[in-house]
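You will see two complexes here that share subunit A, one where it goes with subunit B and one where it goes with subunit C.
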Partner chain A sequence: MHRLASGHNTTGTTTGSTYRVPVGSSPALGSRRCLQFCQPELVEPTLCASVRLLDLAKPFVSLLPEVEFPYQKIGFDEKIVYTVASVAVYLLASLPLSNVSQGRLADPFTWLRTPFASQAGTALEFGLLPIVTAGFLWQILAGLKIVKVSFESRTDRELFQSWQKLTAVLIAVVYSVLLTFAGYFDPVDQFTSQESVPIWGRLTYIVQLSFMALITALLVELLDKGYGFGPGILALSTAWSATQFATSFVGITTSVTSRGWESHGALVQLIRNIRNKSFGLAIYEAFTRENLANLTQIYIALAALGVAIYFGNCRVDIPIKSAKVRSMASVYPIKLLYCGALPLVFTYAVLYNLNIIGFAVTRIFNTAPFAKYIGQWKLDEFTSSTYNLTCGFLYFISASPKNISPIHLLVRPITFSLFTVIVSVLFAKSWSNISGSSGRDLAKQFKEQDISMIGHRDTAVGKELGKIIPVAATTGALIVAGVTSVAEGFGLSNGLAVGVLIGVLSALTLLESVMTEFQQSGGMGSQFGQLFQQR
Partner chain B sequence: MGEFDKLTEAPVEFLREGSQFVAKCTKPSKKEYLRLIRAVGTGFLMMGVVGYAIKLIHIPIRYLIV
Partner chain C sequence: MSSSAVPGGAKTLAKRKATQENKLKQQLQSQPTSTRAAGAGGSSSTMLKIYTDESQGFKIDPLVVLVLAVSFIFSVVLLHVLAKVTGKFF
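Here is the complex of A and B:
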């Protein structure tokens, strides 16, 4: 029973933890996880004469802070406390950067921010982007065997992880240097801004942002290493998008705009409008205001939430039976969204990276002729709190609706959808091989747990799974990307819908790992466990 | 024409396989779906409200440091 149950779990961990670092050397926790990542080709001893790229991280390992594996298995209650605490720390970290006036900053990346839990002008300027990018980068490098990593050896795993952390910090350094020199942190309001920030003031941006990237990486590592639930990135991203959604929906805090004080929550603003203005205008304004969240965005996000829950629960059940326990027949579910939100996260990570680089390069080389082909950003004349992409290559793969030319307006949704769909599907197609969750790997796990598919011989299991999984992964990616194209393509939702979509899909993955943990640890006696029991 | 066929072959095949797979899937029934929506929806919103409450701590902090 237990074996079957743990076999059953691996879907959760496989699909969910796919872009997490394959960690795990604590015997209780890691054994299952590390097995799913090891591939037979990688086990061979790497005694090549040349220096491996992986080993170059050795000098940094002792310098980088690292989260130790837990000495004993962390209980269910403790895991919840750790997860909530890390999320709270992350949420509280969005403090304004020193020397930056957040109100006078124009933000070109609003529509990309929610999934990556970032906020303009704060220490979370890049949010999860550096660690996500580094994670994808190294996993892909290892998957394509450009970097040889033997995930069975503890030192290799540690080196791999140190590289990821190092890369994350490096990305944060590079991007903060780029944005600083591009004048991103300078106030846009010429009338009230004083003298420009001195050079040492600019240096502090870089220090603050790279330090925050390191802290984020450590928070993610803490959750990944078994102190908390699920892949850390997904936990933080879910919490952030939920917070963003709640703020946009029922946020009672206000900020001052050109039209006076306005509530952050669209619903609260509607009530406020009804009390102050004529009825028609009140409703019209609640649906169309641009500087803060409006009800249109809320409805699109709610629709995305519904669709995500529906498709997140579609699956194909494969009948399996255990060779040890004769009478046990069970099903192994293969989810339609096999990779979960990952294809979309990857697509948006690509877009976010391209936009940061593009914005910085076009600003720094603003006289160069190629700059206008990359992208053109114009300050929004009504709110002057955002830059809108109006032209260039990046415009056509963006969800920015601002353009005067009707041809641009017609073409952009199509090119944006095409880009999202193609990148997501291609990613999903190769990801199961890269992350070690392909049919072959799954078949190996089945064999280790003495599970066989009903109606198939043991040798054919890998082939059969290999037929189903890529189809599931790519179709799932197509559906998620399609929903995104519809929700975001018209540029009405401004990133909220995609944030909610990724948030809900990640929440489903997390919920799965919470539930299996609950069942396995016999969480009946725990405090939080009783909450789940009532369901 | 032949070349065009070759070009469209892969996406068409992909869509065909995909729709077959979706048709084969076990989908949540209406009752199940409504239950899921309620559970996940409330959970998500609750999580958001808690996150929002945490972020409210920012107001005094910002007041202090700016």
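Here is the complex of A and C:
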């Protein structure tokens, strides 16, 4: 019950836990019993008799590893240690897959990778994508009642969760098989392509990537279950975009390119250029280089970051008061970005999935006539480390700037923006209902915690919140998607801006849960807690 | 006698049926659509939190997860070393 209470707190955290009355006290229980007594036909007979999709997971449940709940509440310090440890382990896993030569791999998905913490040719080839996809897929299927899940029953919730984990691993298996047979892992240069990887080598890709998906799911689960902070997906994604941004900005590591040694960080490269080349050329190159991060991307990302922080603070404060304690008034903030980064995460998850499937299908069936309508990828002639989308359906919903035809170049930003905005807004519109944070759900929470809105009756709370929340959710999604389509639409940013945008919004969500935890636990005895107190 | 015996509610049978159906429909609609709506934690508006229940699978300690992840990393490194040593792909 404690765990639920901490997850459920609404505003001023302290109000949440102090007002709480033991749920299931006699009047509520009595009325429910009466209801069931009067209407025994409430339980649908068909629901119990037929085999549901949900039940098909039962044979696999015993096979899936499951992180157990903590026996006691995890302290503030331990939580930080667990979070840092699991993030560090995740980042460590970005080492090249065995039998893959990472340097000679051409990557068609560069602009999609940052939000999903994935890296080409490494064990993080899919990153968080399978888990995010499985999570969204099942939640939406259940939310739209395509799959019947009665969330009140514990067994159903467990089966639902097992399905999510199972689907994540399955997606990783399917995608790694697809990409392997599409020749994605084969080196692109002519000299080495003769020595083709034997079937055993190919099998190891699939095994490694599937196992990594399972491990990622477990790391996410570890953080989700209260050993660490926040939803695991957001924590890992935030850490990844932070490291990506730092590396792109001030990364001092170097690599060999056709122009000699180059630094990964754009700022470091600028300094290196100024020392070695003429001033004008140095600056020009620092803004325009394509193989590694350039200063244009950094500035776009910084602008996106500023906009995200600004809009992250916009909110409507709803005055609330306790129904029990007199003169305990507070405000309940409803943010403009009501769904945070999730609309963008969803949109990019859709894009990433479409691109992986599209790439694999066009490669496997490269002679079929429909292949070129799905998408055409061309090897980048300068770096030969990326494939660029040049034509086809997927080109028009991508951020790839590579095309010779001016009509294509003009149309693509528009179609990309339209796609991003429409998908994000549609998602945000239904997500507040699906995820159980619509006005009605909030009103229910208010009632449970004896909170009432000042100036409204208890029965009107749901309606009143229902006026604000959908508007906030869709407007917020519109803003976030709009920023993305401006930042990414021209194809200059190569995924860094959207990564930073999602990273910042996720970080704000994470920070909220960290501060909530800090305030609730007092944080006095903890070592890390002192960091938050020095103000 | 029997038709007028039940006190309260609508008078005609058709109306009674309609209210009954409405009630059922409403109950069906107000069923929770997510773990959070059912009061069991999970995804909220800003977070995608998907593993919040403990199902019956074999349960492992969080430290085991971390050790498993690290050992996976080492096994991949080992595969690299093997490939280098043997000079072949397997």
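By our rule, the second predicted complex is superposed on the first by the 484 of 535 C-alpha atoms of A that agree within 3 Å, B and C clash if a C-alpha of one lies under 4 Å from a C-alpha of the other, contacts with A are read in each partner's own complex, and residues count from 1 in each chain.
Here is the rule we go by: contacts are C-beta pairs under 8 Å (C-beta built on N, C-alpha and C of every residue); 3 or more make two chains touch, one makes a residue touch a chain.
This structure is a prediction, so every number in the text was calculated from the model and none was measured.
Between subunit B and subunit C, more residues of subunit A are touched by C. After overlaying the two complexes on the shared chain, residue contacts for A:220 are found with subunit C alone; subunit B is out of touch. Of the two partner chains placed around the shared chain by superposition, neither subunit B nor subunit C is touched by A:392.
In the superposed model, A:431 lies in contact with subunit C only, and not with subunit B. Of the two partner chains placed by superposition, only subunit B is touched by A:478; subunit C is not. Touch criterion not met for A:108: it reaches neither subunit B nor subunit C.
In the superposed model, A:130 lies in contact with neither subunit B nor subunit C. In the superposition on chain A, A:121 makes contact with neither subunit B nor subunit C.
When the shared chain is aligned, no partner comes close enough to touch A:358: not subunit B, not subunit C. Judged by the touch definition given at the top, the superposed model places A:92 against both subunit B and subunit C.
Taken together, the two structures place residues 92, 95-96 of subunit A in contact with subunit B in one case and with subunit C in the other. Those residues of subunit A that touch subunit B in the shared complex are 87-88, 91-92, 94-96, 238-240, 242-247, 249-251, 253, 305-306, 309-310, 313-317, 336, 425, 468, 471-472, 474-475, 478, 500, 503-504, 507-508, 511, 535.
Those residues of subunit A that touch subunit C in the shared complex are 3-4, 7-8, 39, 42, 61-69, 82, 85-86, 89-90, 92-93, 95-99, 123, 131-132, 134-136, 138-139, 142-143, 145, 150-152, 154, 157-162, 164-165, 197-198, 200-201, 204, 208, 211-212, 215, 217-222, 224-225, 227, 230-234, 335, 337-342, 345, 431-437, 440-441, 473, 505, 509. Of all the residues in subunit C, the ones that touch subunit A in their complex are 23-24, 27, 30-62, 65-66, 68-70, 72-73, 76-77, 79-80, 83, 89-90.
Those residues of subunit B whose C-beta lies close enough to touch subunit A in the complex are 14, 17-18, 21-22, 24-28, 32-33, 36-37, 39-41, 43-45, 47-49, 51-52, 54-59, 61-62, 65-66.
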